[in-house]
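What follows is a set of structures for review.
First subunit A sits with subunit B, and in the next complex the same chain sits with subunit C.
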Partner chain A sequence: MSKLTHFLLRKITSRIVVFYVILTITFVIPRMLPGGAFAYLINNPNVPPNMRDVLIKQFGLDKPIIEQYFIFIKEFFTTGNLGISFSRLQPVSQVILEALPWTLTLVTTSVVISAIIGILLGLLVAYKRASKMDVFFVSVAMFLRSMPGFWLGMVLLIVIGFYMHLAPLFGAYTYGVTYATPFEYIADVLYHLWLPLVSLILLTTPTYLVITRNAVLDVMSEDYIMAAYARGLPERNILLKHAFKPSCAAILTLLAMDLGVSLGGAMLIERVFSIPGIGRLTYDAIYMQDYPLLLGVVVYTSAVTLTLVTLVEILQSVLDPRVRLE
Partner chain B sequence: MHRVKWLSIITLLLCVIIIQSALVNVNAANQTKSVFNYIIRDPKIVPGGTFRDPMMGEANTLNPLTYSTSWEYMIISVVYDTLVIRAPDGNYVGRLAMDWSVSEDGKVWTFKLYPNATWHDGKPVTAEDVAFTYNYIRDYYNYTRFASYAIFIKEAKVIDDYTVQIELKSPYAPFLYYLAAGVYILPKHIWKDVKPSELAQYKNEPPIGSGPFIFAEHKPQQYYKLVANPKYHLGRPYIDTLLYPIISNADAMLLALKNNEVDVVTWSIPYQTIPQLVTEPNIKLHNVTETGARYAYFNCQRWPMNEVKFRQAVHYAINITEVVNIVYQGYALPGSLGRLPPVLSPWYNENLPPKEKKYPFNLSKAAQLLNELGLIDRNGDGWRDYPNGTTFTLTIYSPSYDPLRVRWGEILSNNLKEIGVKVNYQPLEWTALVNKLNSGDFDILIIGGVGSLDPDILRDIFHTKGFWNNGHCTIPGLDALLEKQANTTDIEARKALVWKIQEILAENVPLLNTVHQQFVFAYRDDTWKGWVLDPLASPDNWFSLMSLYNVKLQTAPTTTITIHPTTQPSATTSVTLPTTIATTPITSPTVTTSTTPPSGADYTLIAVGAVAVIVIVAIALVIMRTTRK
Partner chain C sequence: MKAKIIQLILSNEKSIMGLILLAVPLAMALVPQLIAPYDPWKTVDRPFLPPSSKHLLGTNDIGQDIFSELVYGARISLLVGFAAAASAVAIGTVIGLIAGYYGGIAEEVLSSITDVMFLIPVLPFMILMAAFLGQGYQNIILAIAAFSWPGVARMVKAQVKSFKNVPFIEAARAIGAGDLRIMFKHILPQLYPLITASTILRIGGAIIAESSLSFLGMGDPTQKSWGGIIYWAMNTGAITSGMWWWIVAPGIMITITVLGLSLIGYAVEEYVNPRLRKR
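Now for the complex of A and B:
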């Protein structure tokens, strides 16, 4: 047990260090940009001169950079405050927390569904390896995998939303409508989110499929599988009990790594389907050169990703004690 | 028999009287125009329905003193009222002000307010509120978006409950546009507690105004909802609910218009989609010409850009007709030599020759002018040199985000290279470009925008001390004229000055005014009718939002509503007037001349794509099969 606590402690400290590094990088990068981080404020003739001074004072932009850094770190760790968004004129954390639920709903739902579909299909094609079905699924997976997400989203939007009228063209629910019951609201949200979800699932499933298939096939060449065959066990049993369990480690690692990727993919999909999530926020922040907001998005999404990754790793260490060693 | 004759005579007489009175009515309306000449007001119209007016981004603030984006303007302009408003034909008509007058010396403006206007919280709109607003922006001008105009205000005084007098420090001709039509009147009982130092972050949500729509709801990044103000002093709008869904994807916005999920597109649609859109029966297009231009600064702090001959040579070296037709596909007007777009009546000088007439594209003429300046190839390397022998290198920058401007910058550079000018052409990222502009480190810099409905913008661009005079060109005698037009309140006298200024600009060409780009907006006219189009504004302007009515709710035949309105006999005559103005630019080249593919084109494209994918997959399967064996 002490080994496990040691492991946990080590993992968590390393995550905190990584997070701190991310925090520092997000602080430094906008300040290294040509034109400076606050070009929007300084070059925008629509920003009245005195208002500019007020904002500069408030954001501490007139202080030396080292001092700005310490204020930034102190504020973040004591109050969780990341400053005020230049464009939205609201605390960054408030703006992000309004948008985060939509993104998390999309990402978690799509990751869970695509993991289930991907793993099942991966097992199926590993079982029927080198058959027509194997070739078919792997080719389709490769085809989808190599498609840009926003493009796939746009095609689905045009074909299914515009020509077939099976999905709405924008929004997370029907705007401006009052619902009689919460169920109506949920149904409406589902009607609006199913197409973005399908695009995300189409984009992430192939990875699970291919990785599962390859991991299982890898294990299948091990000696103990040969021994299982020799003992005359049915192939389905060998596949599920003897081959799949050890390959779970690889799949879980992928799951952890894929969360960050999915978050990035969701950002593009959100813009295509006009969903009020983090992705739209990021785009607006870049467009408006709103660095406090952009920085907040990076910090929050990396915090979410790091937490999820750590959770998955802990799960993995429970499943496979070897992970805990070293 | 006798009786019948008399009866017919009487009827005839009656008819004559009716027709005459109608004519008198129309004449009277033409003399003093009011807001009712431009909006549809008819008690027979049944109000109701939700009008869906999409935005592409969030309105970051609803503060009328600090807003900056067009999405913010869309909401603020219907929640708040200004004293007057610019009508689609260039006239000014009252919005909160019923009537106004200006003193002989042009310094004192007196406004009479509508007595029945109320704030959305029920309190009346009085002269107190108007005076408070103008004094507030005068005192704290540096915290507001009115910094450059509010300094002209001396004092706003309350004469009685519904009369307010605004005194200016000096006569200021653009007052009507920038201050009377630009400043939204704020309720004193709310804004007296707003500290100026907090203005920058005062989001003003929910806004309390006096406008035709009342703010109802805002879901961040999702939508804004406004509802009709039943007590609006100019009559309630016929729209019940004004919904602003936020659609971040411009293509989806256009698809939503086609699917009748929104009623108008508030984003200039891509030119290549127009041929397909004109085939849609219920979708109409509206061209809006920018009040500014896509233009290039010459850096007059350097030689030879400060030479008129050099600037003229550059004018000879670009074919603007070609730029309009090829780069802008016809969706632009050739840049006028006086900087103002030709649609900006009455300020545009109609006698001004077009650039292609005065400085027609002629490379040998351009080369000759360069020779006259002493820019000739002295060392035989093929490039022109300064008189001292070093190679003359011309640095041209353009904004890299706009492919159209990058393209014509390239055309200009290549033409100049052809006559031996060593051009260093660089499209730059926006902030870098702005830095070059502000630091004056360029020879020629391509940029865009900087427009206004008031010709005083010329003073900003061409006056030696003008905010937008980034080329720092000084033209003898121009500054005085620019200052004088700003102080001339009489419209005819001011017009003469502005026309003269444009003539001077045409001779001196301190900047290369390439094109006035046109933006194309699309709207549906099957559900909502009553659109009031303005050649300089998008279709969802204030006049439209006041006039639009839902066809499906009308019991009376709609034709009677639009052609014979009973209460305001003059309404239709003048509503059709701006419509005809607006339709003239719509007949611009490509909409009609370009080959319009059948609407099934998209299906064929998809079918072809699908077949291609199937064929590729089949080939891949065959190859994989054969290689395995």
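Now for the complex of A and C:
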């Protein structure tokens, strides 16, 4: 087995173990509540009696706790079943899978665009370090990073949506409209999502800018960069060919570590713009005290983040052989 | 050491700027009764009044003075931010110390827990913890601290590993100092500057986390906080009715507080880690 396959197998196995632990935690937590195993089920007036009986039977809630655990794990891995949402009276997994595409669209689009802009600007200010432009961008980045992301979204919504009428005030699409062509639908969604995306990009770009700048400046103090200068290479070449490549490791690590944060940011922005994604769902779950839905959100967002992080790490290990040797 | 850090903060342009920014929220938190014109809990006028000389930021949905809410909100926002950051740094320091000092299996286990904490989506986990602990700002502090320590643990571990075998530690060991004594009496004091910097830098993050949790409805309904004000503004339709002041003001307070703390934190960090100064 090559070093790479070995590395990948080990990574993927450890991620599955982590996910399994998270799943176990979501099994344990509701059972630690006062009243034990299914007090939260029985006491909830939202759940009709016949559905309660079905749930008790399906998850073996009248059986010993060990047996319940195995049923819980089996249900999840065979059908993705995590029980019924109290507030919507639909399977948790179904409710979440309907919301997930919105959140994933926001997260992936904004992270990719932010990474591109942030890395380019980071390179630019590293090239022009200590110039007025450098100070300007670093200060703006610091300022943006001091704001609560959802609040920046609200301010943009008030200014651009409410006062300038350039964006709708809520929703991810116009309600109750039938579209003649798929393009009309896409255009409508884009019209609704552009401002939330701009908010997320404004929030994420500074991180990439600062990390790229600092990573590049770190490498610039290495001896081989000095040697490149001594050979008389143009500074732009040194920066792009000699300094940027090794800094990519730090940038990709950031990309992996920041995904969970970006997901949280997107969830908050969804609440601001009333986009029917995971964040909106979480808000509803808190408001309605819908614990199964809340637990489901944790399980599914963890699964998504772990998968995305692992994909980034695979990319990293293919690009950078040093990673495999760790 | 303490005197040195204070001296440093006062001698750096950026951190003086930070102190100036922090002065407003600190004053609000310390003596709200001297600044706020009204009791933030009392209905003092008609609801939804726009800003005027009588009510600087208008009134909210139940006729409370928003400016007074803002002033009283400083205390809980700063308290939660500071307590959560200090707890997170304490947890991270202990974990980092143990992992770095003992090495071996202890390090393996603690480091993999730390790594996992970096992988999970933090916000949903904080919400889950706060939801199951129940309402109350103490639980919000716990929920934020429980998921904010991994960065500190990683940093402290790296530092401890570089200190572990320096002569003065070996000397302490040679005269029979126990592990705990070495860790807490000899190694830990070396880390104080670093710990100070990272606590200051983390307060801002914790304040933003508190406002985020409040914004999603996890806030303590018995306390006024900046995040809580934004939550009620949002829920009462402040955006769709154009009451921008109700939303903008608490956000500006959060931003200047976090910015002020970052400016001070970076100044201390630059001092602790001279390599950063060149940038």
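What we mean here is this: the second predicted complex is superposed on the first by the 286 of 326 C-alpha atoms of A that agree within 3 Å, B and C clash if a C-alpha of one lies under 4 Å from a C-alpha of the other, contacts with A are read in each partner's own complex, and residues count from 1 in each chain.
Quick note on the criterion: a residue touches a chain if its C-beta (ideal position, glycine included) is under 8 Å from a C-beta of that chain, and two chains touch if they have at least 3 such contacts.
Note that this is a predicted model, so its numbers are computed, not measured.
**Q** Just subunit B (first), just subunit C (second), both, or neither: which does A:Tyr283 touch?
**A** both
**Q** Who does A:Val95 touch here: subunit B (first), subunit C (second), both, or neither?
**A** After superposition on chain A, A:Val95 lies in contact with subunit B alone.
**Q** Contact-wise, after the overlay, does A:Ala172 reach subunit B, subunit C, both or neither (first, second, both, neither)?
**A** first
**Q** Given the touch rule stated above, what does A:Leu104 touch, subunit B (first), subunit C (second), both, or neither?
**A** neither
**Q** After the superposition on A, what does A:Ser139 contact: first (subunit B), second (subunit C), both or neither?
**A** The answer is first: A:Ser139 touches subunit B but not subunit C.
**Q** Have a look at where A:Ser87 lands relative to subunit B and subunit C in the superposition and call it first, second, both or neither.
**A** first
**Q** Using the touch definition from the top, say if A:Gly264 reaches subunit B (first), subunit C (second), both or neither.
**A** After superposing on A, A:Gly264 lies in contact with subunit C but is clear of subunit B.
**Q** Between subunit B and subunit C, whom does A:Val272 touch in the aligned arrangement: first, second, both, or neither?
**A** Touch partners of A:Val272: subunit B and subunit C.
**Q** Which holds for A:Leu61: it touches subunit B only (first), subunit C only (second), both, or neither?
**A** A:Leu61 sits against neither subunit B nor subunit C.
**Q** Of the residues on subunit A, which ones does subunit B touch that subunit C also touches?
**A** Dual-contact residues (subunit A): 33, 143, 154, 157-158, 161-163, 169-170, 271-272, 283, 287.
**Q** Please output the residues of subunit C touching subunit A within their complex, sorted ascending.
**A** Residues of subunit C touching subunit A: 112, 116, 118-125, 127-128, 131-132, 204, 208, 211-212, 215-218, 227, 230, 234, 239-240, 242, 244, 247-248, 250-251, 254-256, 258-259, 262, 278-279.
**Q** In their complex, what parts of subunit A are in touch with subunit C?
**A** Touching subunit C: residues 14-15, 18, 21-22, 29-30, 32-33, 129, 142-143, 145-152, 154-155, 157-158, 161-163, 169-170, 213-214, 217, 221, 257, 260-261, 263-264, 267-268, 271-272, 279, 282-283, 286-287, 291, 294-295, 297-298, 301-302, 304-306, 309 of subunit A.
**Q** Within the complex, which stretch of subunit B touches subunit A?
**A** By the definition above, subunit B touches subunit A via 50, 54, 57-58, 60-61, 66, 68, 140-145, 147, 196-197, 199-201, 203, 217, 219-223, 225, 241, 243, 245-249, 251-253, 255-256, 258-259, 261, 429, 431-432, 434-435, 438, 467, 602-603, 606, 617, 620-621, 624-625, 628.
**Q** Sort out for me which residues of subunit A touch subunit B in the complex.
**A** Listed in rising order, the residues of subunit A that touch subunit B are 33-35, 39, 43-51, 54-55, 58, 84, 87-90, 95, 98-99, 130, 135-136, 139, 143, 154, 157-159, 161-163, 165, 168-172, 175-176, 270-274, 276, 280-281, 283-284, 287-289.
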